[in-house]
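Okay, here's the structure, questions in a sec.
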Amino acid sequence: MQEITENKEFKPLIVAFCCNWCSYAGADLAGSSRLSYPANVKIIRVPCSCRVNPIFILKAFQRGADGVILCGCHPGDCHYSEGNYRTRRRMSLLFSMLNYLGIEKERTRVEWVSAAEGAKFSAVMNDFVKTITALGENKKLEDLRCKSKN
Amino acid sequence: MYKIKLSDLDKLYKAISEDYPLYLPIKKAGEVNYGLYGEDEEVSLTTLKTVKSPKDAFFPQSEDLVNFKVDGNKIEVIDVRKEEQPFVVMGVRACDFKAFDVLDRVFLVDPLDTFYQNKRNAAIVVTNACTEPEDSCFCKVFGIDASDPSGDITTFIIGENLFWRANTEKGNALTEKVKGLFTETDDKIVAEEQKAIREKINSLPNVNLDLTPFKDEMLDIFNSEKWGKLSEACLGCGACTFVCPTCQCFDIRELTKNDGTVSRFRCWDSCMYSDFTKTAGGQPRTTQMQRYRQRFMHKLVYYPENNEGVYSCVGCGRCVKSCPMHLNIVKVIKAFDKGGKDE
Amino acid sequence: MQIQELVLHKAEEYLASGKVDRVLAWKKGETFYDNSPAIFTKDNLNGFVYNEFCAPNLSKYLVNESKKEGKILVFLKPCDTYSFNQLVSEHRIDREKIVVIGLECQGMLDEKKIYNLGFKRIEKVEDGLDNIIITADGQQVQIKREELLSVKCVDCKSKEFAVADETIVVNEMKQPDKNSRFSVVSELEKMTEEERFKFWQNELSKCIRCNACRNVCPACTCTHCVFDNNKSGIAGKANSDSFEEKLYHIIRAYHVAGRCTDCGECSRVCPESIPLHLINRKFIKDINDNYGEFQAGKTVSEHNPLVDYTKGDCEPKEMVGK
Amino acid sequence: MENFDIEYIKEISRTDVRKCMKCGKCSGRCPAFNDMDIKPHQFVTLLGQGKFDVLLKSKAIFSCLSCMACVERCPRGVAPANVIEAVRDTVERMQNGNAIKAEDIPPIVDDLIPQQLLVSAYRKYRK
Amino acid sequence: MQRIGVFICHCGTNIAATVNVEKVTEALRKEPCVVFADNYQYMCSENGQQLIKNKIKEYNLTGIVVCACSPRMHEGTFRKTAEAAGLNPYMVEIANIREQCSWIHKDIDEATEKAVILGRTAIAKLTLNTPLTAGETGVTKRALVIGGGIAGIQCALDIADAGYEVDIVEKRPTIGGRMSQLDKTFPTLDCSACILTPKMVDCAQSEKIKLFTYSEVEEVKGFVGNFKVKIKKKARYVDETKCTGCGVCMANCPSKKGLNAFNMNLNTRPAIYIPFAQAIPNVAVIDPEQCIKLKTGKCGLCQMKCGVGAIDYTQKDEYVDREYGAIVVATGFKPIDLTNFNEYGYADNKDVITSLELERLMNAAGPTKGVLLRPSDNEHPKVITFIQCVGSRDVSGCGKPYCSKICCMYTAKHAMLIREKYPDTEVHVFYIDVRTPGKNYDEFYRRAVEQYGVDYIKGMVGKVYNENGKLMVQGSNLLDNTQVVIPSDLVVLATAIEPDPSVRDIASKLTISIDTNNFLTEAHAKLKPVECATAGVFLAGVCQGPKDVPETVSQASAAASKVIGLLAKDKLKGNPCVAHSDEMMCTGCSQCARVCPYGAITYEDKTFGRGANATVRRVAVVNPAVCQGCGACTVTCPSGAMDLHGFSSSQILKEIDFICKK
């Protein structure tokens, strides 16, 4: 958190995809426990982490997101019994590919957060924001056309 | 006529680029394309065929047309056109130069394409004669002399020297600026080389293609059964159209920027694509055969019909080299040749 | 008898007996290299050819051809047979209507590499197995085959036929060295993120978005590709920004991940010589390293590493950058 | 010079005494139970209570056999023997390491002696 | 063009204290399609909902965005509100500005800015919403209970009592389960058989209940209200309809060395057997592993002796297809394996036994006919030591981390019964804690101590070893800080319990999630303790967590009431947020079906175009009643033909655009 306040110029934009059954509920629990995390984390609710298409992640980067994090139920706990196992393979391969093309591996992350892990959700988001702040702006995957000229 | 040692060309590029943005063939990751000169770039002026043609200089693959912003019921239109500063395109081959004429006949007639026009007017074109034409070249078929391209300035690479000849006022002006790097010479060596080039061209395999059937038998050709066979391997990709110096079709699309501004831009389209000509009313060309036929009928029949017999193919041979399945305009012309093989 | 004649004989034999109505093969072009895929019938076998310039993988044509009336014979090189199986697995072609003849392949040649040798006029190119005999500029030279191989054949994955009703093999085909296939991918992996980014930025910025890689790909057989579909949110025609190229190539490779047989057609047809196979191969390598060896199209199978999973799969952070 | 205190023992014992559910299985299993002034389970409790001086005065640290039976049997993954060893080490270290000398070892080594016993023996004898 | 209304909730000060609701209202009012925006103190209140209803009518709204608490809290509420005002309930989007904004941010400007972005994003998503209607499916008026123990029996009886058909599938040859093995039950010391067997008989006699004993669930298809189950009836080699349970076959069987599982393998039984006298159905079964006839083809004595000709050596496994509206899982438990606990000498000493074995040794129908004799020499044990928490509360990896819940009570029961029947016996109990929450439970335990003089020792046993024919139990007595050694004749281990291993297979067939200890996971730990995340599947008994008989019976009845509630409905409304395939884009590649965890996707050949242009293509079809809406298929589909209602790709992409909008 300290670094974030020190670097006032750069507030990274974080897009977090959260599955409805575990991680979104975990985020709610973080909220009802008043466990703060930076406001630049914005959550998109999806039914299951396996609903997240690689296209969504690339699109978020295109639109200027500096980090994308995907949260789902712990493996074995998926509401749909196996969705997150598929997420795990898909995202492993996608993130590995992004890194292969030279994208910093810290920019993408998958975390398993249960509905009971409000504290974890908040900790993960704080840590992710810290990591991305240290990493700086996403320049390798943004779409310059989408940037408004100053 | 001037000349400069090939080993001194870097000085020439640098000198030109001090006054103008300079576009010329640059090698990047193993392939040569037109690009903006910079000291770190690897210039490859001797490359006969860049992958993409220099038409990008006037008609870029993607180009912003207009921006607009919507606020409630108000629409604010933002003109994004800039005043084009003069720039230099160097190394243009005879066929590609001829292709500018083909594009002019599309973009510079009413309604005038100001985006194209501004760039065209701002450009100083330095052509380069083809001292080593290849098997895939057939510009001669379209009456192009690869040994003597025009343009504002014509250059010839002969032996260890590049010969430089200004043809126009613009050319003279540029020459004045860089004259210090040249030594003056007569055109004897150039004339000899031109003769040699013409001989080489005459020995190429595809320089005697017969185009008369496309003038005389337009309907027969359109209805010919041969198109089916000719196009059956076509994948419907756009490689041939995107490397073509004369293809001028584009699509207009929009992109919403992060601040809500909508950017309307055009980008190259290809008549080989299945959604080309698709409208709300349907798709008039439903098969790849129809699309394939359209492309060549346009190059060899429709365009000349509307443009005093000027073909919209310049024989650069790029499509011959780039088609994944080795289909090309040469095969089409030969198929309809009277003495051609019956298919 | 040379392979060309044997292949032609086989085509004639099948057509004459009426066992098939059409033959999908290659047709001789105007010069030594420009053979094109073509359909032949009993009445017309003009220009039928099989030589070292028959690189196009014919499998994809069967998606449409097997929908037509009658039976069709297709000639497939060993690597093409994998694409064929994969298409059968995905219900894209009707196996019942197709006779598959596997053909010997010693590695197809790249005409660009021959032109790059500096010859002015090339008269003839002959296949001498280990060497290629080129007659040009009034002389004859022999060049090692390896030096002229098409990019798709440089790291051949296998000389085994994944499927074939019959095969025509005259000379023994040497099994390729399996280890070399991923060597370039490994080298890239060893680079720093910045070096890799520079490499790919350089390569992908050449992309002219002609879609040749997609349209030639036997795994890309969608009725309506997401990149052509305005509703998909990623439709695009132009390489208008470096993001577009990356998005296009990442999604293109991702959509065929687990289904790509590594036939290399994408790299072969790229007018800008972008080594697209290195993107696909990275997916294959990651799958092999983390989920067990898998070769798409080796058999007709429901199995696909991207639709399967195991409970013990590694976490993304354990795979990325390792 | 290190700071010898209760935290030091906690740290070098590498065991979390809060996991103890006070079942007494360690003491139930201990073969040296009767020779110990402080019993294995008490070591865990006393460490948890922070009774540094009581622990240091224990004679039991020299009667513990380091047989590790208590560690083996603990259902909660606590390691009482580690605590005893940590106390022993602390006592030794506070005395500036007057342990057995290397040259004294060979005559007393027997092939069947477990390594662990040997190591703890270095610390136990020559008080 | 939609007409959107935006409603911003203060939630008292929960939102309004950190989010400037007025500013948010102003900002969102300017968004495209928004025709109305207002804020109110409590949107979820009666007045708040009325406000929404009024505005929907007044402004002829086509959709509403409510900026309030988490959609997990009140999405349902506002959907009903919208529906009451004539709007499709799926034209409602919630912007979570409480849990994910006001509650976690302190800076008002920052929180307000974020609330505006979240509101805008919800509006953007709503512009792409389409009215959705939930499909309706019928309900098969029959329930399946998997497991015929007390949980399954009670549940089936309750369901049958309500007038619905119910099938019990039990893998053993008889129903009755673990309870039938018990001697007495705490805290009343009723004879277990006396209270259980009448219920077993009721099951057998009920017209509504059909028993599939010696049977297993082979395959489960379908979905809530419409399950299709394949049941495997294992071959008994005895015709159930003919066998009278007379027992002549058992008496004549020459192969008598089979271990008697009912008596915890403490004695033997013949190859043809009836598990116990009160078995339901009271029908013999042949153990094919043991039967001489089945193994060698020679013998056939039982067939000769059977008066009714019930023996049939040619019987094969049979498969029965049945349809159900609801399924109850009641698969029960087993004691854990004790191989990891060699300190207690269970494997080496016949006289170290588990509590369940003691139940059989004390039972009148057991191997000793109810006389307590120790297994090694059939002598009366004079000193008996009980060890509690064997394998329970153990995080070392040898046992189970949880408390098995029933051991304290049954150990007290055993100690008490022994002291009552054999007053000369000395009884010791080693304990860590005695846990007796429950009506009359602690009184029961105290009675064992105070009235029956059972010696409770606070401490744990370190080892049990044999010395001169005595079992030396060495443990600590923490209260006097001593180590004690008790020379005993019999040692009884209060062994931890774990779910029956069959539960894993059942869980995967029913797609129920399972925890790290193999207990089935209920839909909500507090508020949905008998439901499963998979609709139409309910839990009863120890398969969900350790519990004793009274608790099991309560849970079974609770599950039954849920089943009855479900079967009472004629139609079930589905979730309309399901996948759907665009057949114009589908290539029929089959990848989506391979990732669907519910088997909701099938393929059909469809003709497109007419006349000469007609082509036949294989396309995917989603059964909306089976689809649960996870979206796995949408990502697998390369052509983008597969999409999800309520969370469509274009909606999510639009959300991304608006979150990133600057």
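Per-chain numbering from 1; labels A, B, C, D and E assigned in written order.
To be clear about the criterion, a contact is a pair of C-beta atoms (placed from the backbone, for glycine too) under 8 Å apart; a residue touches a chain by one contact, two chains touch by 3 or more.
Every value quoted in this text rests on a predicted model; they were computed, and no experiment measured them.
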item: For chain D, the least number of touch steps when starting out from chain C; value: 2
item: Of all other chains, the one whose Cα centre sits farthest from chain B; value: D
item: D-E or A-C, whichever has more C-beta pairs in contact; value: A-C
item: Centrality ranking, top chain (CA atoms only); value: A
item: Greatest separation from chain C - chain, by CA centre; value: D
item: Inter-chain centre distance, chain A versus chain D - centres from mean C-alpha coordinates, in Å; value: 47
item: Centroid distance [mean C-alpha coordinates] between chain D and chain B, Å; value: 87
item: Centre-to-centre distance between chain E and chain A (centres being mean Cα positions), rounded to whole Å; value: 33
item: For chain A paired with chain B, centre-to-centre distance based on mean C-alpha positions, whole Å; value: 46
item: Overlap residues in chain B, where contacts from two or more other chains coincide; value: 256, 258-259
item: Junction residues of chain A - those touching two or more other chains; value: 54-55, 59, 63-64, 76, 82, 86, 90, 145, 148
item: Sequence positions of chain C contacting 2 or more other chains; value: 226, 232-233, 240-241, 306-307
item: Touching pairs - complete list by chain label; value: A-B, A-C, A-E, B-C, B-E, C-E, D-E
item: Chain A - residues contacting chain C, complex; value: 54-55, 58-59, 61-62, 75-76, 82, 85-86, 88-105, 108-110, 140-145
item: Interfacial residue positions of chain E with respect to chain B in the complex; value: 30, 32, 613, 657, 660-662
item: Chain A partner contacts - residues on chain E that touch it in the complex; value: 70-73, 96, 98-101, 103-107, 110-111, 113-114, 117-118, 121, 511-514, 521, 533, 577, 595, 597, 628-632, 634-636, 644, 646-647, 649, 652-653, 655-657, 659-662
item: Residue ranges of chain E touching chain D (in the complex, touch as defined); value: 343, 389, 393-396, 398-399, 430, 432, 458-463, 474-478, 481, 483
item: List of chain B residues in touch with chain A within their complex; value: 255-259, 261, 263
